[in-house]
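Two complexes come next, and they have one chain in common, chain A, joined by chain B in the first and chain C in the second.
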Partner chain A sequence: MTAQTVQQGDLVTVIGLEVHVQLETDTKIFCGCSTEQTDEPNENVCPVCLGLPGALPVLNEAAVEAAVKIGKAIDADIPEETRFHRKNYYYPDLPKNFQITQYDEPICADGDLEVAVEGDRRTVTIERAHLEEDPGSLQHVGGGGGIDSADYTRVDYNRAGTPLMEIVTAPDFRSPSEVRAFLAELEEVLEYLGVFDAERDGSLRIDANLSIIPEAEIESGDVTDIGADALAAANRTEVKNISSHKGAEKALAYEETRQKNAIQRGRAVEQETRHWDESRGITVSMRSKEEEKDYRYFEEADLPPLRVSGWKEEIAIPELPSARRERFQAEYGLNEEAASKLTSTKQVADFYEDVAGEFDPDLAATWVADNLLGELNYRDMDIVELEGRLEEVTRLVELVAEDEITAKNAHETVLRGMLDDGEAPDEIVEEEGLGKTDEDEVQQAVVEAIDENPDAVDDYESGDDGAINFLVGQVMQKTGGSADPGDVNQLLRAELEQ
Partner chain B sequence: MSENIYITEERIDGADDGPLAGTTVAVKDNISTEGVRTTCGSRMLEEYVPPYDATVVKRLKDAGAIVVGKANMDEFGMGTTNETSYFGSVDNPAAPGHVPGGSSGGSAAAVAAGEADVALGTDTGGSIRCPAAFCGVVGIKPTYGLVSRYGLVAYGNSLEQIGPFANNVEDAAALLDVIAGSDERDATTRAEGDDATYAAAATGDVDGLTIGVPTELLEGADEGVVDTFWDAIADLEDRGAEYHEVSLPSVEHAVEAYYVIAMSEASSNLARFDGVRYGHSADAEGNWNETFAQTRKEGFGDEVKRRILLGTYALSAGYHDKYYKKAQDARAWVKQDFDEALSEADVLASPTMPVPPFELGESLDDPLQMYLADANTVPVNLADLPAISVPAGETDGLPVGLQLVGPAFGEERLIRAASALA
Partner chain C sequence: MSDDAVNPEEVRHVAGLARVDLDDDEVDRFAGQFADILEYFETLDEVPEVDREAELTNVMRPDEERDSLDREAALENAPETEDGYFKGPNVS
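Up next, the complex of A and B:
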């Protein structure tokens, strides 16, 4: 390419991802240690995950099951037999100084995931997804506190051996926002499968390859279809240390601008690995291509080949978000926006279906999608925090559905009270006296009392304030004494003023 | 004790009763013993005390055995003479002034010297059979997967097995009975040994046994060794066995293939010794990369470094196909050859070692000579098969071992045949 064409032509951004996902299993991938997060360092460890001499890995079937679920969800090929390799490199967080991973026989190959990007549906190819073990974690202490500036570093092996799925996409993304949309969709799917917990610290880690290609070099003229030659010709950077879909968008937007600036100034983009520094909002160079590692992959003889041929049929996966979204529109007559909101997480969708099963689906949609999610969002809360209290929300919808309280009171007083003070809906209704029927009863008694006692009304209207006490007595009699005399007094005066 | 048999002499009592009650056992020092240091014959692990027992040690204890010491060995199992041990060489009780063989030299010597009734060794390319032959005792290398490797500090993990030493086949078989069988902590173990009754097979009955003698394994062997071997075969013939010659054409590549695979695996298996979690840690300034390098420079001996470097090279990009992959192809070929030979014979027989024991110090400076001495033992590890070495006699007063190789999980057959000799 010449400097001229570069300056004149438009530049196209090409991004591919390697997404590391921690799988939700009770125990680690190669030993019986708990995967529970704990504040105490090096607590959930044993000879196997510490890499003590002589310890051997034994594969946790739950991790394989999770991998098969992911494979089915992304419609990947799951081979009859899969096996593990060693990836050899020295790093202080890696107990054995090799990582057990999969190399040329991954458990999932050639899948895809459909993503909505700014209104369009796009299919992202997933080249492969494989199982591996997570290393431990490092804590840099003192000095500048950074990876290259700390006085010393502590190693915590609690995380070592947590099962990971590495999901590798084709270079199918053309913008950082597409990456964000994909990652959000992927997280949603993984949560639906019950194999992933987004709340968990470090549960999602992303390496992204980004390169900039002059549009003139894209033979077909279609930016979604870039040939291997054009890709190979462009230098790319690998951006590491991204830990969320929002972070991915920021990091890649920075990197995109950095590379475009370089190209527009006629400078070459170096092929290198860069580290996303979230706090500074920039990427920094880690190592150049010359130092690229040779991982000396070879078969892990301690783990026999794994036959998964029967698993794909035996393991069922739940309905996925995209299918559920469509069904919600068809089955409950919801619009796309509401269906989308209501399928944003599995918990929300499950809850909506519970409520819609008992009450009017429209009412249920308003209550779950607008009122509940709105109030939760305002409080920066997640529906999972209401675990065990969802019945209370259902009861609240019931109160509205049966016209026992007004929708306004239900939302503004009861729901907010439930979220802020942790009280049950009936308690709040009782305390706040929101019971619509009670009010009506008193009101009705007031009207009756006025109708039945024209003399007392005349007396009152002619200035005899004592007549009101007679009327209050009548109302109290009619309501069996359950009404508040002060309230009755007010109600009578209001009615008589009309 | 002049022979320097044990690196650590410490008594570990087992259960009050059991099939090995009262039996004393020497345990090779690469097999983890809870609370008792396990050095692998290396400065790297000079002060390493495992927090857990290897599965075989647990089984010994449950069977009532008494562990009497951690036996000397070539550093991380890398050697044929026991002379690469950081803790010094072992003198051969059966041939003083000579090496006991390696790498399980201390284990074989313990039995030969009467320091222990039986012993455990490990065999990656002959490390049980070689010292058994050199010390004039019985040693069994089980089928890969018969005995749990959990707690065995790995050298070549696709090749190695833990196995017994004893003065006679029946005692070795009785020890194998205790340690064999599947283990949930070692995914490569198989159920074949679960209800083993190997000791009962030591009947000495070889009537009708067909023995295949691979001609390639006699070529280039010491004359005295070959003569002793044929005497032993004649002895078996007298008891009703018959022999014929067979061919294993692939074995001429076995030593190369074995060393490429074993060194490649070793380069990875020994990567964990970086001084962070356990073992020797250099008092070095600098970043972690420099500290790791200094720790490994100080902690490992020359032979270990040689094998790590060669193994790293064999796995490197650009060389992987030329060395590691080719070695795997050769391994498959060796397996196939053994399958064919064993379809025409019940067992295969050869001298265990092509030479009698070296004199102490003789082979230290020539690693290649040492590697070639493994020619008869390494093919068996490549093929994952069981083998036994039994004393066949002596040449010039030095012990000679006879090796019998059987089909996978054919330990009973080997024990029955070998028990005719010892």
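Up next, the complex of A and C:
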């Protein structure tokens, strides 16, 4: 719950989402053109995705597999038969003047996803998820670059025909922060399935419906239990053009406040479509769009129906993040926070399991969750960028586990050096002389420090215990920081007591 | 179809969806033409029902890349292009 909802206790925010995710396939959904991103416009186009007369779309099997995987992960039904429809609208990003999508027979229906929201477990109902093709991209040129004021439009159809899955939730969200938590969980699940790449430009796009209703309409105890009449009675706005978790939270927080302000000033909220303007941080009214009947949906006769309900049994999916989080806590004795960090992506979780298998799971958790992810985060890097070098990180943990270097040096010098300069851990240890000094050398340094600093020795002997710290510092300097300060302290005391 | 007439409002609505600007004369003319076209469709009612061809399902292709068109060929029929893009009017 946001501060606003608490403060204005008589009103409740209701949000439902349509999330468009780009499926990771090599080729487009209805033709063999590459989905690779390129800066060159109209490079990956053919008669099918340009909508040239007579071209015949043929469905990409990999897109269907990805859809079935998603269905399985959200525990949805894959109906016996599912088919495609044409959604007609006239806009230059659609070369055919219709989009091939699914209408009343989507490939996934009645799923759900469990999300942790501020410590609570919530189940979000996913009403449906369907396959469709992405339109192309438009550039509005001249006149300041705005849609309204542009002089003309340039069209690039590279993206046209990219496979998308549209995931539609029930109006189960009660705050923008819940939406953000859901989107993060959804992205994690999709990445685990290997069907989605969050790093790809435009791979996540969200439309959100938001309305405000009186709190009295919530049935006691269950925040998702709202009478259909109450929902129908409230005007809602559809906010478009959201492209990230953070953007969703900001856009919906803005829209929530805007509607509540209107209601409290006794003004009506208009039912309309609004555009999230990320740079200005506001939503603006869009000119009225078509109603559903205006899309004149009809069956896509070029694509025979699909019968893939059996694929649900045949296609395997990996252990999902929520299950893995729980297993990490049980199997490795991790706390929830660490388990959560370590399962944030499949790559991180896989790497943690490798390291925890070889060394102490706690040490592995410190190294992967705190040190490695912390340093990567600081550098705005992702673990995938370390592909091929993860063995080096394992080697570094080994050096610590076997007490060859101090944990501090391993983290601050070796790990940072590895990330910044691309060097291997053993190289850095060698160059920097970080190998733990052998005992004789430390003993020698202790004797020297005592000989060279009679004043500090006098202070110590006359009861100033703090003087020992100065001597520890001297020894550390002589050993280049590679001695263990605790050991040095003890050695000094032993030497001074003699 | 109970009534052959297509009213001007329907024509304006459809023209709006197609982003075509019609003046009043054109609206009247198209109302008549729409009605004619709808009538032609009624001829289909006279076609006897026939069995469908053997039912096709699950027609799919493997996720394998095929050559795209050369950009020049892709843009060949466009009335206007610019720097490899199709070029058209402002579309607000």
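By our rule, the second predicted complex is superposed on the first by the 414 of 498 C-alpha atoms of A that agree within 3 Å, B and C clash if a C-alpha of one lies under 4 Å from a C-alpha of the other, contacts with A are read in each partner's own complex, and residues count from 1 in each chain.
Here, contacts are C-beta pairs under 8 Å (C-beta built on N, C-alpha and C of every residue); 3 or more make two chains touch, one makes a residue touch a chain.
The shown structure was predicted, so the numbers you read here are calculated from the model rather than taken from an experiment.
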**Prompt:** Clash or fit: how do chain B and chain C relate after the overlay on chain A?
**Reply:** clash
**Prompt:** So, A:G194: does it touch chain B (first), chain C (second), both, or neither?
**Reply:** neither
**Asked** Thinking of the overlay built on chain A, is A:A150 touched by chain B (first), by chain C (second), by both, or by neither?
**Response** second
**Request:** Applying the touch criterion given at the start, work out whether A:A62 contacts chain B, chain C, both or neither, answering first, second, both or neither.
**Result:** second
**Winner by number of chain A residues touched, once chain B and chain C are compared** = C
**Request:** Could you tell me if A:G333 is touching chain B, chain C, both of them or neither one (first, second, both, neither)?
**Result:** neither
**Request:** Using the touch definition from the top, say if A:P53 reaches chain B (first), chain C (second), both or neither.
**Result:** first
**Request:** Would you check which partner chain A:R86 touches, where first means chain B only, second means chain C only, and both and neither mean what they say?
**Result:** first
**Request:** Could you look at A:D294 and tell me whether it touches chain B, chain C, both or neither (first, second, both, neither)?
**Result:** both
**Prompt:** Looking at the overlay, what does A:T25 touch: chain B (first), chain C (second), both, or neither?
**Reply:** second
**Message:** With both complexes superposed on chain A, which partner does A:L303 reach: first (chain B), second (chain C), both or neither?
**Reply:** both
**Request:** Find the residues of chain A that appear in the contact set with chain B and again in the contact set with chain C.
**Result:** 47, 50, 58-59, 88, 90, 92, 153, 155, 294, 303-304
**Item:** Touching residues on chain A, where the partner in the complex is chain B
**Value:** 47, 50-59, 86, 88, 90, 92, 95-98, 153, 155, 294, 296-299, 301-304
**Complete:** chain B contacts chain A in the complex at 30-32, 38, 40, 45, 48, 50-52, 54, 149-154, 157-158, 184-188, 264-265, 267-268, 271-274, 276-278, 288-289, 292, 312, 315-317, 320, 324
**Residues on chain A engaged by chain C in the complex (per definition of touch)** = 25-27, 31-34, 40-47, 50, 58-64, 81, 88-92, 138-140, 143, 147-148, 150-157, 290, 294, 303-308
**Request:** Provide the residue numbers of chain C that touch chain A in the complex, in ascending order.
**Result:** 17-19, 55-69, 71, 74-75, 82-92
